[in-house]
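Order as written gives the chain letters A, B, C and D; numbering starts at 1 within each chain.
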Amino acid sequence: MSHAATVHSLWTAAAAEPPVRIPGPHIEYAQLSPTLIVLGAALLGVLAEAFLPRRVRHHAQLLLTVVGLAAAFAAVIALAAGGYAGDKARIAAMGAVAVDGPALFLQGTILLVGLVAAFTFAERRLEPMAHGRPVDSFAAQGAAVPGGEAERKAVAAGMTTTEVFPLVLFAIGGMLVFPAANDLLTLFVALEVFSLPLYVLCALARRQRLLSQESAVKYFLLGAFSSAFLLFGVALLYGYAGTVTYSGIADVVGGTTRTLDPALASTTGNDALLLIGGAMVLVGLLFKVGAVPFHMWTPDVYQGAPTPVTGFMAAATKVAAFGALLRLLYVVLPGMRWDWRPVMWGVAIVTMLVGAVVAVTQTDVKRLLAYSSIAHAGFILAGVIATTPDGVSSVLFYLGAYSFVTLGAFAVVTLVRDAGGEATHLSKWAGLGRRSPLLAAVFAVFLLAFAGIPLTSGFAGKFAVFKAAAQGGAAPLVIVGVLSSAIAAFFYIRVIVLMFFSEPKAEGPTVSVPSPLTSTAIALGVVVTLVLGVAPQYFLDLAGQAGTFVR
Amino acid sequence: MSFPLLTATAVVPAAGALATAAVPAARRTAAKWLALGVSLATLLLAAAQLVRFDPDAAGPFQLTESHAWIKDFGVRYDLGVDGISVVLIALTALLIPFVVLAGWHDADPLEDSSTRWRPTQGFFALILMVEAMVVIAFEATDVFLFYIFFEAMLIPMYFLIGGFGDRAGERGEAETAAQRSYAAVKFLLYNLVGGLIMLAAVIGLYAVTAHQLGTGTFSLTEIVQARADGRLEFATTTERALFLGFFFAFAVKAPLWPLHTWLPNAMGEATAPVAVLITAVVDKVGTFAMLRFCLQLFPEASKWATPVILVLSLISILYGALLAVGQRDIKRLIAYASISHFGFIVLGIFAMTTQGQGGATLYMVNHGISTAALMLVAGFLISRRGSRLIADYGGVQKVAPVLAGTFLVGGLATLSLPGLAPFVSEFLVLVGTFSRYPVIGVLATVGIVLAALYVLVLYQRTMTGPVAEPVRGMPDLRVRELVVVAPLIVLLLVLGIYPKPVTRIVDPAVEHTMSQVHQSDPKPDVHVNDVEAAK
Amino acid sequence: MNPANYLYLAALLFTIGAAGVLIRRNAIVIFMCVELMLNACNLAFVTFSRLHGNLDGQIIAFFTMVVAAAEVVIGLAIIVTIFRSRHSASVDDASLLKL
Amino acid sequence: MENLIGLLVLAPLLGAGVLLCGGRRLDRTGHWIGTLLAAASFVIGVVLFADLLGRPADDRELGTTVFSWVPVGGFRADVGFQLDQLSMTFVLLITGVGSLIHLYSVGYMEHDERRRRFFGYLNLFLAAMLLLVLADNYLLLYVGWEGVGLASYLLIGFWQHKPSAATAAKKAFLVNRVGDMGLSIAVMLMFTTFGTFAFGPVLEHADQAGEGKLTAIGLMLLLAACGKSAQVPLQSWLGDAMEGPTPVSALIHAATMVTAGVYLIVRSGAIFDAAPDAQTAVVTVGAVTLLFGAIVGCAKDDIKKALAGSTMSQIGYMILAAGLGPIGYVFAIMHLVTHGFFKAGLFLGAGSVMHGMNDEVDMRRYGGLRTYMPVTFVTFGLGYLAIIGFPGLSGFFSKDKIIEAAFARGGTEGWILGGAALLGAAITAYYMTRVMLLTFFGEKRWQPDADGKLPHPHESPRTMTIPMIVLAFGSVFAGGLFSLNDAFLKWLEPVTGHAEGDSPLTATQVTAATMVVLVVGVALAWAQYGRRPVPVTAPPGGLLVRAARRDLLQDDFNHVVLVRGGEHLTRSLVYVDHTLVDGVVNGTAASVGGLSGRMRRLQNGFARSYAVSMFGGAAVLIAATLLMRAV
């Protein structure tokens, strides 16, 4: 009997049966608590926006955010202590979310990053007072036309966009799910959940709003474009395996799946679907990671977005996206390692080189850091490709180390200001070392960490990933990585030269004294950078224990 | 658990650096004295090492300290000294006080306008920091530990070169600054690239050990041991690749032709004391590392590469000397002279004879002292006239005889005149080379003629002849400057006449290295029994 | 008829959408093209779900619509702000950030 | 006794240290301190000499090892001394003549405010020279070898404010360095051949080594000797060295240092005996140089340069003798000693003449000085007679023997060498007579000096004349004393050994021949300079004359080939270093920058072009993945 008929009969048969009672989903709230707490806090934040008087909002929101994130972090710790990072690792929420070592490690990192980022969000001492009221670096009213009547009113009223806090909480919520997602649907939803708030946040800079908005548009359009790719990839994989859960797909890939209805042979197990689908999902993730050739949004968005947001994005997004990438490659596609590894090799090499080379001629600090982040994405990819437990732990470690350096660096950028707001053009940084040695020294530390000079976290991380790559048989990647870090060293050094060895300009920027908030962020960055550089063992152990995925 | 002498020797200057940096801007002089005191304290510790060190003790390393550090990377905090390193540590600790003293006024800010910017404190703090890192590098018996400080010491050096220079003189302030930061960047990039390539090799080493020993390790002794009892065997190509990775970094640092061009810029632009720091202290780490790591980790590859390396070092010797002759700038001239000398050192190391390697080690010490003497006096001269061009001088010996005299002694040491320290080492290197590679030995000997040429030309153009106008009324060496130079000259004489104390310590270590490389000296044709030989 | 054809249609729609993104200048249109791509995905999901005979695909399609809706909200908001400040919705005009 | 040997070296060394580091406060007494210490070491020398004489002839060797200098592996260099008849002879010559010249310098350098340093340098030289002749191994000898080079450098360039002096000093040191290179290579060869370079074992086992090695060693030693003793081809520095103060020329560049080469060869006799080819090279060099120097000596108008040429020539004789092996060793040393006396005397005489003539050196501007400075005239005259080999005076005995030995070499070689030696004797007679006539006879040809005042010659002070007189005695009687029943031969034989060659000519025939050529030479000179007046400015002269005036163009050769060539080489290398070696690196950096700039332009700010790159990327990614599966 014809193919279609079979399907039809099956269909009607299904309908003919008495309606089955659909069991209510069973949710392990405890194990999902970190995410739930953050999202809950975000919702409260929205309510606060609605009902709290404007005066108290800022503090209320800050408090809410900090408490929420801290609580979530505590929950993560509790789970890890409860052994979920190890033997008790499991799939929760009907197979939607994994609670295992990598997930918890990354969630912890994201939460800490979010916490520190929240501090920089809340900084209100840098911008000059607006009519006696302290304001942060976000637009007085996002919707108002730049330089328009509404904006002037909003400024006069000393309005501030306290919505950023709930937004960032939503984003964090999404990021928590992203690396833990255990089926492609959750992956997609989480991706959107953390992307959409970021699009908005990008548009909310107080100064240079045109740039800010432009960056938002670009980020949004390209982001949507990429997520479309991802979704189509999901569709194809679904078509391939008939399921979207990682384990299910992995089974089909591994050929260990139960016998299928021969009628479906045309789709199921059709490798073309698998390969194309997998590639398209990768595209979506590589976009978020900022790997070449999906990197082009990075510099523009990093430059246009408000610097605290940039810092947050650069740090947290990378963590989440790499987490998801790891899980996808290690849980879903290990069976087809020999298909994607060469491709990823290419991507990693191109990413490292392009990031390093293009950065050489940058003239804007934020763009420079953007390209440097691209180069670093390449380094991390080298670790990802290792496909060994060492590879996982090294990547986890690198992400932890890198995110704090990045946060710190961008936090420093927020402090160097002139009349037009932040002075991000490199020429204005000339002689900064003479004006304020301390700040310049701190920034130099971050740059050296980026450059991977020994005794900084950057070196430990780089060594870890390269070591994993070398052991994973990717020696050429190590060579390329070494070369590109040599190139990269050049432009980090250039900034240092600029700060210390060139005479200060007459009307150069001033370094404004931040509130304890930003100071803490920077200090934390320095501390982590040095500690992970000098005594990384404890954190390596942590990453090492968190190195195995559950499926 | 005895007193961790090695750690202390590194920690004291490091702590001193931080303390110096912390001295308030106004108390400039205090910072200087503090730095001097710290450097002297370090010298005491180094002396203590020499005392505690027993040349005849069994085992490669002494005064060892060992602590776990980064388990995941197989990295341990392993310190230990053999005869070679203990001597070089002593040299370092010995030179730093002179460097500090010689640079006493080099970092005084021209105007006391800014209160936050504290160049003086920074200058001396950086010097001490370099000392600390160099000392650790000499002491490390863990490849990774060594690598870390081998790389890290670039940063303070970089700031020293780029941040402080001679007064502008004829060239405008801007021009000078540009030149200086170019030199600094060049220095850093050259060495960084070298270091990164070495990093690849280090990782490779880990991969190999991890693969064959189960757990990756960087401990020199462990690897050597494992190779000895066959648990660890490098594939030929692997060993060669790793060797090249290591050697490249060291060759840049040394520096060996054609990787040398950063040195003249760096030494030319930096102040004389910093130049001394570069050539007499930091660069020694490179040659030292060839002896300790290249040869001991990769004996076979070392032997394989020997011919090429010998030729390169021969080129360095002659090329450096010839370029020195062609220089118009005093400091650059000395820099090229140093390149020539480093050629001798590398030659000695890879000649694979006791004389060669012992001579090379001795050479490192002597070259350190002689270059320090010459360079510092040159610095004093330059500081008086504000120009580095040879052409701007003439007839100095008429107005400043002591300065000229010390300069001449330094020069004679540089051309390794018998009776002064460098002669002994240079001759040992030549003999060591000659006894295995006669042709190269003979060609290298040509270097001593060229050395005479550039030294004497320099002396003639600057010191002799009619007194040049700008030189007129130039003050002779001041007390502080004499205090710097005199001891160095005395040392040159003493070590020239009685080098035994040093050779005594170095010899066993060299023997050990030789045994690592499975090399023994060639035997003479005619067997003259030792009783007679000893006569 | 062979359900594979629906897949071809989906692929076609997806490509058309992608091409639209690459070709059209107006932000709104580009955005609509993205929506088209998403809907192509939906079609694919539904088709596959039909082929596999399980409902996951159809459910996913609903999720996709919701997400798309959310995207519309954000997207339009952003595009509108930039339109109001620039009086143009052409993405090519928004090219201050470059090099 | 042994300890005294060390003292011998230490005394002048101490003097050098004190005088050079002492500072201005020693300016008044410095020269006396120097002289005293020199004299002291002479006294010690005499004491040791007495001690040696007191011993049986075969046991006249004192040895002592002071300390082990450089022990590295199998390489052992000690600081040890060895005093045998050979060294003793040198010690006496060095300290004796040295002390005299110290004394002379007291007067000569009276008006120089840097006199203290001058004496410091002189003492330094004595110490180094003594070390050279007393060392018991080649490496220590090398130390002394370069030490005298340094002293000579410092003394030639003593008047550093004169660029010519500075240049001459540099040249001397450099040319010597070339020789030193030979010596160091020789030492290395010894080390690789014998495993040691102490005199004892090396010379003892010399015959056991392969002849090739020995020849190599010998040639290297010869190279060293050429450098130090100004033999062809490394002779060019000696003429310029006359820039130094005259006492220096007398002591270092006539009596002692320049003879070190002879010492080296005689000392290493055992090696040369076993390497005939090396010996041939030695005699060739000697013969060539003795003619070369003589010819140059004829053409120079500068009195010191003329004497310098003569020195070269005389040392040529010694080298020739030394090259003849056991036949000649003794006579080489003997001539060396007598030459030390009369040549030093001649130089001191020249110095005293210059002293009287406001430092005028051009002989054509002298003339008729015999009446004005009688003492100088007499002593100089005696020296003159001695050097031309006037019967009965020192030179006669020593040089005659050498000519004999040269013939005794036998075969055509013998004839050639002997002929060369004879010819040399003739030319010597000629140019020395020329010097004599131009300086002391004929009419006054004095010219006003730079600041226009005519010289008024006068006899020099006592401090200067006394040494001249003493040396004159030496130049008269030394040869005779030595030849009294072959005293000198017996004295040296145990060390150097001696053999009688079979000369085709009898001793008397040789003597007769020498006399003839001597007369001829003198007659020629008289004919040219005695009979007719001498033009104040030198006539253009023939090709040979002009060549000879320019040291037979040898300097020009050096200048063109070595100096010019070297300059070009260095200049081009500097260029290479800057453009090539450095250029490559900078080029790489620049190209990376350029690449970066170009890639940067891809980031053109248009969202759609970004989308294009994404789309393309996705396409490539997918294609690649499929491809991977396909292959």
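Simple rule for what comes next: contacts are C-beta pairs under 8 Å (C-beta built on N, C-alpha and C of every residue); 3 or more make two chains touch, one makes a residue touch a chain.
Everything numeric in this text was worked out from a predicted model, so none of it was measured.
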Shortest contact path, subunit B to subunit C, counted in steps: 2
Remotest chain, subunit A as reference, centres from CA atoms: D
Most contacted chain pair (by C-beta pair count): B-D
Length of the line joining the C-alpha centres of subunit A and subunit C, rounded to whole Å: 23
Subunit C-subunit D separation of Cα centroids, rounded to whole Å: 97
Distance between chain centroids, defined by C-alpha means - subunit A, subunit D (Å): 81
Chain centre separation (subunit A, subunit B; CA means) in Å: 46
Residues of subunit B whose C-beta touches two or more other chains: 189
Residues of subunit C engaged with two or more neighbouring chains: 18, 21, 30, 91, 94-98
Shared-contact residues (touching 2 or more other chains) in subunit D: 589, 600, 603, 605, 607, 611
Pairs of chains satisfying the touch condition: A-B, A-C, A-D, B-D, C-D
Interfacial residue positions of subunit D with respect to subunit B in the complex: 20, 63, 65, 67-76, 78-80, 136, 139, 142-143, 145-147, 150, 153, 157, 160-161, 163, 166-167, 170, 173-174, 177-178, 180-181, 184-185, 187-189, 191-196, 198, 200-202, 204-205, 208-210, 213, 566, 569-571, 573-574, 577, 581-582, 585, 589
Residues on subunit D engaged by subunit A in the complex (per definition of touch): 589, 592-593, 595-597, 599-600, 602-603, 605, 607, 609-611, 613-614, 616-618, 620-622, 624-626, 628-629
Residues of subunit B that touch subunit A when the two form their complex: 68-73, 114, 116-118, 147-149, 151-152, 154-155, 158-159, 162-163, 177, 180-181, 184-185, 188-189, 192-193, 196-197, 199-200, 203-204, 206-207, 210-211, 216
Residues of subunit C touching subunit D in the complex: 18, 21-23, 25, 30, 91-92, 94-99
Subunit D-touching residues of subunit B, taken from the complex the two chains share: 189-190, 257-258, 260-261, 319, 322-323, 325-327, 353-355, 358-359, 395, 397-398, 405, 412, 417-419, 423-424, 427-428, 430-431, 434-435, 438, 441-442, 445-446, 448-449, 452-453, 456-457, 460, 463-467, 497-500, 503-504, 506-507, 510-511, 521-528, 532-535
